[in-house]
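Next come two complexes built around chain A: one with chain B, the other with chain C.
Showing the complex of A and B:
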């Protein structure tokens, strides 16, 4: 692996993990009766930017390196399901995360100006929980894929 | 009362996300089951995964703009809940398909 690819992979992992952590904090604040929406919306927009960064860096690594250098080794090893189930699922469900993150960021910005919309606060909390679960499943799948080589 | 532009964007991006994630699930399962579709994605976009990403972005942008043009008062929380349910369905379809595929049931 070249230094550039290693750097891109590190940015992908760190960006994704930090974004997931930010969604966790956003969710914890949205569960309060009166969240600090200035703080929450800043976090939500940061998570969106990090997911885009994580998406872009993973795309280059996945398209140019994973299929030719990593996938054959996993399939030939003792845990081929790490690719056939975990990687296949991860690489595809990851595609929905930036769209979710954008919706969460827009909602928290709206709530900043309309803090009394309690139904939207609860709906956004539910959406953030879904994004958090998808993010954690994606990250956990990445750990399984990395550990299978 | 005229809804705020931000409310209209929240509604339109929620609808666009619903359409995009369901289309993605169908495209992902379709590409595994129909080799010609996967080949078309590879030939057109260099890699099937890039093709899915580009089509998802295009679908999202198209429906975001189309539904942004509607100017009635949106019930934002209902759209956000529907978006969350659509994502759960899409993720279950994708994970369920690859589980069945790994178990050689499909």
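Showing the complex of A and C:
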């Protein structure tokens, strides 16, 4: 693996994990009666940017390296389901995450201007929970894929 | 100092802050709430303790994934499929889920605090013992039993320290 690809993999993993952590903090704040929406919306937009970064770096890594160098090794190894199930699931579920993150960021921006909209606060909290679960499942799938080489 | 050593230091610091803050959060809460009243000063002390705890969790997770990357890039991926690694990952997940449920007031405090305290110590123990012959199920059974035991002990301590409500 080249240094550039290694750097892209590092950005993909750490960017994704920090973004998931940010969604966790967003959710913790949205569960409060009167959240600080300025802080929450900044965090939600930062998470969106990090997901896009993680998405773009992983796309380059997947297209130029994973398919030709990693996938054949996994399929020939003792845990081929790491690719056939986990990677196949991960690469499709992960497509949803940046759009979920964008929706959360837009909702928190709206909440910043309309802090009394309690229904939207609850709805955004639920959406953030969905994004958090999808993020955790994606991260766990990534670990399984990495561990099966 | 190598990159690997700096990850170890970060991981140890995260664990120390997390386990220490979880312990003191429990001690402070039990002590402060013995009169059923939390003053502003006591709330501020608890808030600082929780901030330290979250900092510890952040360092632990980031350094944990830094290890993962290190193992992946150096092709030492055996650790990523070990039962103790997955037990530790599950326990960290439980810690985060428990914090969310406590924040949403869905989780009763007596159960939530027992889970939090046990989970931090379980993560510490699993990190120290490293590789083990125990299966994922066995590790989780020990964890569940420890949580139950800690819950009973905390309840006993709270009952002893709690001020009488009637005179």
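Brief remarks follow.
Basically, the second predicted complex is superposed on the first by the 149 of 149 C-alpha atoms of A that agree within 3 Å, B and C clash if a C-alpha of one lies under 4 Å from a C-alpha of the other, contacts with A are read in each partner's own complex, and residues count from 1 in each chain.
Just so we're on the same page, a contact is a pair of C-beta atoms (placed from the backbone, for glycine too) under 8 Å apart; a residue touches a chain by one contact, two chains touch by 3 or more.
This one's a predicted model, so the numbers in the text were calculated from it and none came from an experiment.
Under the clash rule set out above, the superposition-derived model of chain A with chain B and chain C shows the two partners fitting side by side.
Touch criterion met: A:10 reaches chain C, while chain B stays clear of it.
In the superposition on chain A, A:24 makes contact with chain C only, not with chain B.
Applying the stated contact rule after C-alpha superposition, one finds that A:46 touches neither chain B nor chain C. Legend: residue contacts after superposition of the two complexes on their common chain; A:32 is shown touching chain C, with no touch to chain B. Judged by the touch definition given at the top, the superposed model places A:89 against chain B, while chain C stays out of reach. Once the two complexes are laid on top of each other via chain A, the angle at chain A between chain B and chain C, using C-alpha centres, comes to 140°, given in steps of 10. Touched residues of chain A were counted for both chain B and chain C, and B has more of them. Taking every C-alpha atom of chain B against every C-alpha atom of chain C, the smallest gap after superposition is 18 Å. Contacts of chain A with chain B, set against its contacts with chain C after fitting on chain A, overlap at residues 129. On the chain A side of its complex with chain B, the touching residues are 55, 59, 62-63, 67, 81, 84-85, 88-89, 91-93, 95-96, 99-100, 102-103, 106-107, 109-110, 113, 117, 119-120, 122-124, 126-127, 129-131, 134, 137. Chain contact summary for the complex, chain B toward chain A: residues 4, 6-7, 9-10, 13-14, 16-17, 20-21, 24, 28, 46-47, 49-50, 52-53, 56, 60, 76-78, 80-81, 83-84, 87-88, 90-91, 94-95, 98-99, 101-102. Every residue of chain A that touches chain C in the complex is listed here, in rising order: 1, 6, 9-10, 13-14, 17-18, 21, 24, 27-28, 31-32, 79, 129, 136, 140, 143-144, 146-149. Against chain A, the residues of chain C that register as touching in their complex are 58, 61-62, 65-66, 68-69, 71-73, 75, 77-81, 89, 93, 96, 99-100, 103-104.
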